[in-house]
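Listed after this line are the structures, all set down as C-alpha cells.
In what follows, chain A forms one complex with chain B and a second complex with chain C.
This part shows the complex of A and B:
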C-alpha cells in the first residue's frame, strides 16, 4: 500500500467515524442524561459524563406503579404518568407483535397467491398496493378513526393493530411479491412430482426459501408499529391503554418536561429494537437485497 | 410400463398448442420429443407429468388412466431444465425428499440416498447445499432425486441445456447408461438433434403441436416424412431445390437448374405432381470436376472450414445454392467454377403442396 493509499484510508475512516458519532450522539446523550439526577441535567455548562450516576429515573418508570399504590394513592394525589410506563410498554409489545404476526402471515399468503395463481387483477394488485403505501397515513387516520367508532373499537389495542396492519400490509405484500417472483416455480413443481401436497410444498419448500423476505417484512412491520405516534394519539384515550410513543409525551405536561424520565424511556424503547436488529441484521440485508434485485 | 396418449389436446386460451395427439411410448424405451421452441414438446411432457391439465383426451400408464391424477400420484420422476433443486436443503435431503414425502422411515431413506449417491459419484457432496455445487454436480443431484424413488416413468425436460459443451457430451453418455441400467420408460424433451439422435430408441419430431414423424433416429434421418423433418434434422441442414418431373426416352427425369438428372428409383412417381421439391443432405453432395457431364456446374459462393470437414456452397442458378460437406483437404476458390454431383439413391423428393415425402417403392 502506498503512502497515498494509506492517507486515503485514514481519511475515509475518519469520515466514517465522524458520521457514526453524529448518528449515535443523540442516543449517547439520551443514555447519559437518563443516568443523571434531575439537578445535573440542567447544569450549565452541560456535562456529558454524569458526575453522579443514578438509576432513579429507571426506578421511577419500572416501579412507579407500585410506589404510587403503596404511598401516593392513599393521600389522594393524581397518578403520575410514570406509573403507567409498564402498561404502555406492554401495550406496545402486544400491538407490535400482533401487527407483525397478522401483517406477515397475510402478506406472505397474499403475495404467494399473486405470483402463483391466475385471477383478474393479478398484475395490478401489487402496484396498487404500493401506491396505497405511498399515501401518507395522516390521510387514512381520520376515516379509519370513524370506522373504529362505528365498530366500537376505539381505545382498544385491537384498533391499533388493525390500523397498523392497514398501513404495513401493502408494503409487506409488495416486498413478499417481489420475493416470491424470484423463487422459481420449478422447485415447487419438482416437489409436486416428488409427491408433496400443495400445502406441504408451501410449508416445506416455499417458506424456507422465502425466509429472508419474511424476516424483512416482519422487521419493517415491527419498526412501523413500535414507532408510530399518529394512530396511538388518535385512536386511544385512556392512560392505561396508550402505546409507549404516545404515553411518554405525558412527561411533557405543558409547564415542564421531565427530561430524566423522557430519556430513560427513550433508552428503554430503543434497547429492544436495537437488540432485535443486531440479531436479525444479516437476514434483513439479504431480504431487502433479494427483493430489490429480483423485483 | 408404456405410456399411451389418446386424442390429447391442450390449449392456453385460444392458442391450441397440442392438436389431438395419439402416441405410444413403449415400455423401457428411451423416447425423445424433438422440435423447435414453441412446438409443444415441453407442454406435452408437463401433461404427462400432471403439471398441466389436458384440454381433451386421455393419458394411460399401462392400463391405468392417469390424466385426472396429481403429479404425486402418477409415480413419475422428472428432471427439470433448471434442475429445480430445493435451495434450502442439502444434497441428501434433496435426493431423499420424495422418499420422505412417501413416508419412508429415515434409516431406509438414508440407505437409499447413499446407494443413489454412490452410483452417481456424488457421495462426498451429500452435506452440501445446491448453491455450493457446480452445474454438472447439480445435474447429478437432480438425476439422483429422480432415481431414488424408482419411478414408473422418467421424464426429462432439456436436462443438458444448461451445461457446457464438453460436460454435455459426457452427461449424454451417462444418461443413456442410466437408462439402460434402470430399464424405466424414459421421455426426454430436447431441441438438440444431436442429443435426440445419439440417445433415443425413438424420436418424435414435433412442430406446431403436431407429431411430424415418430420413428427411430435412423429412419428420421434417412427417410424424413416431410419437408419440416427433412429441414430440421441434420446439420448443416438439407439442401432443397425445386425440380420439374419429366420423361426422357421413356424414363422419368428431374430437371434442375437447366440440367437433367435421372429420377431416383426409390420413389414411386406414378401419382407425383409435375413440380417437386428435391432434398439432398450436404454430406451426400460431392464436388465434381467442372467438366463432369453428370454434375451440375456453378460457381463457389462461400466456403467454411468446420474442423475436419469443409462446407462449400455452390451457386448453380441465381439464388439457388447447394451446400456440400466435404473433406477439409478439398479446397475451393471463391467465385471459381465448380460442379456438384450426387448419388440418386441419396435424394429425397417431396410434394411441395402437402410437404410430404413421396411414397417409396416397397
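This part shows the complex of A and C:
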C-alpha cells in the first residue's frame, strides 16, 4: 500500500468511527446516566464519564422505588409506577412471544396452502396482504378497540396479542408466500409419489427448508410487538396489565422526573432487542432484503 | 389403515386459521372503521350511536387544526425523507467499501432501527433537556450557542427534534436497501470508468446513481407513506406540542378519539388517511412496475 492509500484508509476509519459514535451516542448516554447516582445526574456541567458507578437506579427500578414520585398528579394511584416495572416486563415478554407464535404459524400454514393448492381468488390474497401491510396502526386501533369491547377482551393481554397479530400477519403472509414460491416442489412431489402423506411431507421436508423465511417473519413480529405503544395505550387500563412501552411513560406522572430510573428502564427495554439483534443480525438483513420491514 | 387427509382437505385446513384471523381482526375492524366514520360515537356512552352522514367529514374539513396537522405532516415527511435518503445513500456507500472490520460498523449503524420508539423518545427528551441536557452543554462548550435552547418547548425546534428522531431511527432502513443494491453493481463498470479517466464524482453520477434509481424510488415511496402516517415518533416525544405545533394526521386522529372521545371523527380522519394511502400505493405500483411482471421478492 502506498502512503496515500494508508492515509485514505485512516480517513475512512475516522469518518466511520465519528458517524458510529454520533449514532450510538444517545444509547451510550442513556447507559452512562443510568449508572450515575442521583446527585451526579443533575450536575451542571454534566460529567461525561460517571465519577461514581452505581446500580442504585436499577435496584430502585426492580424494587419499585421512585425517589421523586408523589401520589396524585396525573397518575391516579398512590403507588409509584416503578412498582409495576417487573409486571410490565413480563407482560411484554408474554405478548411478544404469543404474537410471534400465532403470526408465524398462521402465515406459514396459509402461505404453504396458497402456493401448493388451488383456490378461487388465490392470486389476490398476497396482494391484499401487501395492502393490509401498508395500512398504519392508527387506522386499525380504534375499530380494533371496539371489536375488543364487543368480545369483552379489553384490558387483557390477549387483546394485545390479537391486535399485534392483526398488524403483523399481512407482512408475514406476504413474506412466507414469497418464500414458498421460491422453494422448488420437486422433492415434495417425489416424496408424495413414494407414498408419504401430505402432512408428513410438510413436517419433514417443507418446514426445514422454510426455516430462513420463518425466522425473518418471526424477527419482524418480535420487533413490532415488543416496540408498539399505541395498541397498549388504547386497549389497556390497569397499571399491572400494561406492556413495558406504555408503562414507562407513566414515569413522567410524578412531580419530578427521575431521569436515572428512566434511563435504567430504557436500557433494560433495549437489552432483549440488542441480544436478539446480535444473535440474528445475518437473518435480519436477509429478512430486510426479502421485502423491506415495516417501520 | 390410518385415515389420510386429501390434498384438498389439507389445503383448506391450512388456510382456515388465516381466514378466520384475517376476517375477525383485519376485515372486521376495517369495515367497522369505515362504518364508524359516518356515525357519532362516544365510547363512554356506548348506546348513543347516531348516523350523522357526512357530518364528520365536514367537521374535519372545516377544522383549522386538521389543515394545520396536514401541513405539519408534509413538513415532517418532507424533511425526514430528504435527510434519510441523502444520509442513507452516503452511509451505504461508506459501508460498501471493502475495509477490514466493516461488518462491525454495519451492525452498529443498523442498530437504531430495532430500538423501541419509546426508548428513543425517552433518550431524546433527556439529551435535549433544555436545562441539563448534554446537547445544550456540548453546543455551549463548542461556542455554537450562547444560551440554552428550549428544544422541545418551541414549535420549530420541537419539529426539528422530531425530524431528527425519525432520521436517526429510519436511516438504517435506507442504508440496508441501498447497500443490497450496491452489492449487485459489477465492479467492472467502475474499473472501465476509471480507465476512461472519470473522477469519483463522475463515477457516482454516471454509474452509481442510475443504478440506484429503481431502489431509491421504491424506498422513497414506502418511507413517505409510512412517515406521513407515523404516530409514536411524534406523540411520545412532544405529544403533538408545544400547543399543536407538531400535530400530524395520526396525532390528530388519536387526540380526537382518545382525548375528545369522538371516535366517529377519528374514524373519518382514518378514512381520509386511507384515501391518501391508496393514492400513494397507486403511485408506488406505477413507478415500480409491480404486478406487471411477477417476480419473487
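The rule is short, and it goes like this: the second predicted complex is superposed on the first by the 265 of 295 C-alpha atoms of A that agree within 3 Å, B and C clash if a C-alpha of one lies under 4 Å from a C-alpha of the other, contacts with A are read in each partner's own complex, and residues count from 1 in each chain.
Simple rule for what comes next: a contact is a pair of C-beta atoms (placed from the backbone, for glycine too) under 8 Å apart; a residue touches a chain by one contact, two chains touch by 3 or more.
Model, not experiment: these values are computed from the prediction.
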Could you tell me whether chain B and chain C fit or clash when both sit on chain A in the superposition?
fit
Of the two partners chain B and chain C, more of chain A gets touched by chain C
According to the stated criteria, A:45 is in contact with first (chain B), second (chain C), both, or neither; which is it?
second
Quick check for you: in the superposed arrangement, does A:205 touch first (chain B), second (chain C), both or neither?
first
Could you tell me if A:16 is touching chain B, chain C, both of them or neither one (first, second, both, neither)?
second
Looking at A:241, would you say it contacts chain B, chain C, both, or neither? Reply first, second, both or neither.
neither
Identify the partner contact of A:191: answer first if only chain B is touched, second if only chain C is, both if each is, neither if none is.
first
Please state the minimum Cα-Cα separation between chain B and chain C in the superposed model, rounded to the nearest whole Å.
10
Chain B and chain C footprints on chain A meet at residues 197
Spell out the residues on chain A that touch chain C in their complex, using ranges where they run on.
9, 12-13, 15-16, 19-20, 23-27, 29-30, 33, 41-46, 102, 105-107, 109-110, 112-114, 116-119, 127, 131-132, 134-140, 142-147, 149, 162-163, 165-166, 169-170, 173, 175, 178, 181-182, 197-199, 202, 223, 226-230, 233-234, 244-245, 248-249, 259, 262-263, 265-266, 269-270, 273-274, 276-278, 281, 284-285, 288-295
Which positions of chain A touch chain B when the two form their complex?
184, 186-187, 189-197, 200, 205, 208-209, 211
In their complex, what parts of chain C are in touch with chain A?
4-5, 7-8, 10-12, 14-15, 17-19, 21-22, 24-26, 28-33, 36, 43, 46, 91, 94-95, 97, 99, 102, 105, 107-120, 122-124, 126-127, 131-132, 134, 137, 141, 168-170, 173, 176-177, 180, 218-219, 222, 225-226, 229-232, 236, 250, 253-254, 257-258, 263, 266-267, 270, 273-274, 277, 280-281, 291, 296-297
Which positions of chain B touch chain A when the two form their complex?
49-51, 70-73, 76-78, 80-82, 84-88, 97-98, 101-102, 145, 149
